[in-house]
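As structure tokens, here come the structures.
You will see two complexes here that share chain A, one where it goes with chain B and one where it goes with chain C.
Entry: the complex of A and B
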């Protein structure tokens, strides 16, 4: 067994990386990106609270612990994740264990011609071309040690490729499992989604952890939409309560494309997510919705960026937070409208529900606009449930406690109800009900 | 419509070139350039300050040496060379005067050109004017009337001599010497400024105002203002700025501290129209101001109103610390930038007491190639039960080369409080302009009317004469930038 060492904060990722077993996928695009990333991990320092984007979030839980690289071989069995399986995706479930594709656990049936779901290593030539063109170019984070770290150590890449003019009716489910049953581990999950022209697909990316040990997961996903492509990307973070999950969800939008992203954050001790949408063509639409549930000592941090680089686009962002216990939520939503990106309609809404005395919410909606003929607005609120609504329910014979649960449950559903996968909506409804303590029945599920 | 006709008259009369660009020739007793402990001792000696004041300055200076000029604001500028600034200047002749006849006629003529004849204001406006010419007060009027009411209103140097116990108690109590780079610099070298003390239960009988003016090329101006309202006292303070046209950038790092005790009410209004540089962004004032008030007692109220139209670079966040229970903080702001101006301004509302309330209304207008940012903080502490904040920040863009940015920081650790924040960015509706043109207004009049409507919520908070001035200012500033 490898020995876990205590590292210095400033060189934490570098030291982790130096002690890692060198991974190799044999895929040219991936290995080229890795070569650059390795030098970047060395050069870019570990973020400290002095970095503006990390001022609110302490990475102490990470650098005060030590982790060893997760083993590629693992005895994860189907029963370990049966509870999160999606009925709709029974034919298209990709299972990644500690970042590595597991052919035995995955079930990928017959996809339409030209489409592909699986590991980058076995991918056909068309997919390799797409990887060569865009892999690691969408997640454009400058000076970001975590993305570099992910790229440097990733053992494999889960790929979903949707061919031209194909609509895949059933969702594709990517299950990322981190096996922390034996020791404190770290792993890197990587996903690459590519939609050709006029394609249409829904991808659910799921994160769970096994075992009681703390673990550190860096996840990066990249989605490329060619012209007129429609991609729905759902990220469900239901890691164990001891996990540290630091992730990037990047997307690049082509002309007339439609990208809908939903991020649901339920688990992890420390969750940091950075959605980045590059709207680099006209007439595109991006949705970046999020739901965050924190209690106990959980910290959930979302730093999103929506970059309108071309004119005539629309975007919509709804980020909802429920903070209970000593939970802490941080939100920084940036919307950029570049010079000459006229006729942009961008809307951002951040709503925070503070349920307990010790919970804490920080929010920083941010608009940066360099074009004049635009319509951009944001709204942010931090508050409680409405006394009138509670009173109304009480007059109808509902106890106050039940009324609180009912209203909190309803508040959370606004994000979930747009997810186009019924089984997932059901699972999430139950998760929200469990969080809020609401008693729900089948007819309450959206 | 009366406002518009007024604006109209001004528009036709004034070209949009900065109309206050002139200097008054005066003799200065100049200091060597640069800053060291000896300079500070000399400033303190010339002003005949007590030992504790010198210590305050020296302490601030040592803090300043360890600090770095902040680079987080969303502005770009050539940082001033702090070794090339003259830290103290004052007109040579400065005996205290009871009446205006004793004032140097050249200084009076300067005010005349600025449109603020002292005697006229004295007669018509019933306002006491404490005029800061460069760094030292030269004329104070209505002092006697204020004295009868028990209000102390004088220059801060005078206050240090005559009311040392009050100054010592409050100076640096809201903005500590090590608060930030510019506040530390100011604390070390401040030359003069205003001091106002309103005793318990007194409602200040008139509105107080000070006109600041930079007149000496290369001399930084470091005002220090301290306003204290005791229990139940009320005061409204107005401040307006204009400065002559120079090509070298001038630094202005003022500090304003407000202290409101129980049930006190302080209203602080600013109209800022300093030289913004020419159309190519050459020259202009750097306005790096630290303003903060504290509602120390229960039910205290502090209200900031500002109309910012000048300066090449503005860095200013008038803030309120809501310490007393049920205290109220308000911030109303219009920030207009044109040509190459840059403004990073906003407020901080720190809720510490129970049932504290704050309102933020911020209107940003950017035209030309300017950049306008709103940066604000609303923080509700753990013990601030039942507190509320309501913020609106709207931006308007005129032309495709400018930028508008909002950086609101919102934080709450209390589950009985609520915060609402909304922000919008848009351009002037073409249909609105079309409608007004159709009613016989030309395009500039139409835009002027719309802008005034956009800013109305803020203007209505200004005292009447300032509201008129502010309306005129916006029209002059925007002239020629549209269409």
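Entry: the complex of A and C
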């Protein structure tokens, strides 16, 4: 019996893939990548607990359930996601339903000349060129069955393209919706972001699910920054509590570029996120901050890799976790500094706040430094709230329970307050307040 | 207002007592100054009255308006009208000053059976209090005490005091770290808050704040005991002579 389950597990994605309807975008770059991925899904093993990187996280919730491929057609309407709309992005809201671009639900107004936001299928020649150059080449996850699976089945790709020397002032909002109202489904969300030289933009990748059924979402996004490009990339994972969300967020940084990414983990039953930042040119900066809220039986697992491949770069990674109930958080953050990457200044910290005795966190910050002239710091803390702060608030008449909520809320804000989209900050502030039970007023929002 | 009877306290889980039998009575409308050398237990006394969980009261009583408050949580004491202005105000990153003060004010209003302020009413209310300590409005939007200068933190304590309108205020070295102008402003603010209905316990090392806020009584705390009590002239004496002449006394009293 045991053997049988093992066997099923190791071919889980392969089986799902074999039963999937073959997708086709007509985009050369995408189809070429798909051809390779299709063989890789078959060849690369589904992770088992024996895989070093899967020791802490069990994929049982995934392989013990059955899912069918999400339909391309869906009757999702605007009211299903109005609550997460960002008013700053009213000119550039791209809606992907079950991985497929929905022209009816999306609103893309006049972007500056040469810029594009929408499906890869409708993208102009300049964007096709960028896809040909980099699509599927940034997500360098070695022998990763999930990335291959995503590439093999993706029905579409959401693309944001920012032209040379253009600053797009308003954020671009990519809303990924998985429709699990009728049955257990799986889907593949794919995003490709490309910033030309000296471009500047903010992209929010958002994930929600509809319905009460479990679903399995693989999400892969790739961001390319040419020289001096500035991209702020926010990933908001607010899937339904029944979701399994396996995510790859890869970025490739050019000379003098600035990549600021913030990942907010609120939803899903099981969230596995693997940010990968390839700092492959000098004078670049990467931020990989994260905020994780877990309670109930949620599991949120971040395995990140920040690779300093060239000299004279900086990076910042603050990963904050609030674990309540029986929530579980895993952080494994690797920073590589290659042999000739001198004068690197890398900061990494994982801070965990435990609000209940049954919550569980695992943390493993890792530095692998092969250069000698670098300034790297890393650390991890696991703790409760400060008694001095609690006492201070209590002397102001605030009950202990309320003080706990206020401090927890404050703890979360350190990540949220850097997100340059006020409406999103507001939504996230309310989400955090709801998680902690804090009473907040509009005025209190940073 | 406040009556402390033979109060003994130590750090939770440790042997040595810090407070070794304090007796003190502060009546309605009175201002008492507590002076004494470093480490004599002044802050500990204030924190024990406010209910700090790090300290264990081994014997004695603290009566506030006739009621023993030692079993109460710090927030219950605060809602009853007890206020502690900290010697070292705590920084609370992420919690905005206005959010905390609004919660604080509404907590006491609720306790007193008054209607809670909505955010707009609160804004009007707090503007007046800011004027009292000549603080800029921008401090409301900042995180509580985070990155405030020493003097700004002290002013912020008095702002909270003014907002909460307590009956008994324990001011732990509020004057330290204030420049001459700030000291005058804060002292004048405190004087405006004084009435025949409320009382103050002022912990200080210096006469200068007592020039503004004239105490009814001065007590000298040495090694966990009140070694001497007197009128406002005692503070001047201490300023001149230091504590040495009292240290021996305290010891003798302690042995007796």
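Everything that follows uses one rule, which is that the second predicted complex is superposed on the first by the 439 of 446 C-alpha atoms of A that agree within 3 Å, B and C clash if a C-alpha of one lies under 4 Å from a C-alpha of the other, contacts with A are read in each partner's own complex, and residues count from 1 in each chain.
Convention: contacts are C-beta pairs under 8 Å (C-beta built on N, C-alpha and C of every residue); 3 or more make two chains touch, one makes a residue touch a chain.
On a predicted model such as this, the values are computed, not experimentally measured, just so you know.
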Combined model on chain A: chain C and chain B, fit or clash: fit
Touching partner for A:355 - first (chain B), second (chain C), both, neither: first
Partner chain(s) touched by A:400 [first = chain B, second = chain C, both, neither]: second
First, second, both or neither for A:409, with chain B first and chain C second: second
Partner chain in contact with A:365 - chain B first, chain C second, else both or neither: first
Touching partner for A:392 - first (chain B), second (chain C), both, neither: second
Minimum C-alpha separation between chain B and chain C after superposing on chain A, in Å: 13
Contact footprint of chain A on chain B as seen in their complex: 72, 380, 382, 395, 397-427
Contacting residues of chain C [partner chain A, same complex]: 50-54, 73-75, 77-79, 83-84, 86, 89-90, 92-96, 98-104, 107-108, 111, 119, 143-144, 160, 164
In the complex with chain C, residue positions of chain A that touch it: 387-389, 391-400, 402-403, 406-407, 409-414, 439-444, 446
Contact set on chain A toward chain B in their complex: 52, 339-340, 342, 352, 354-384
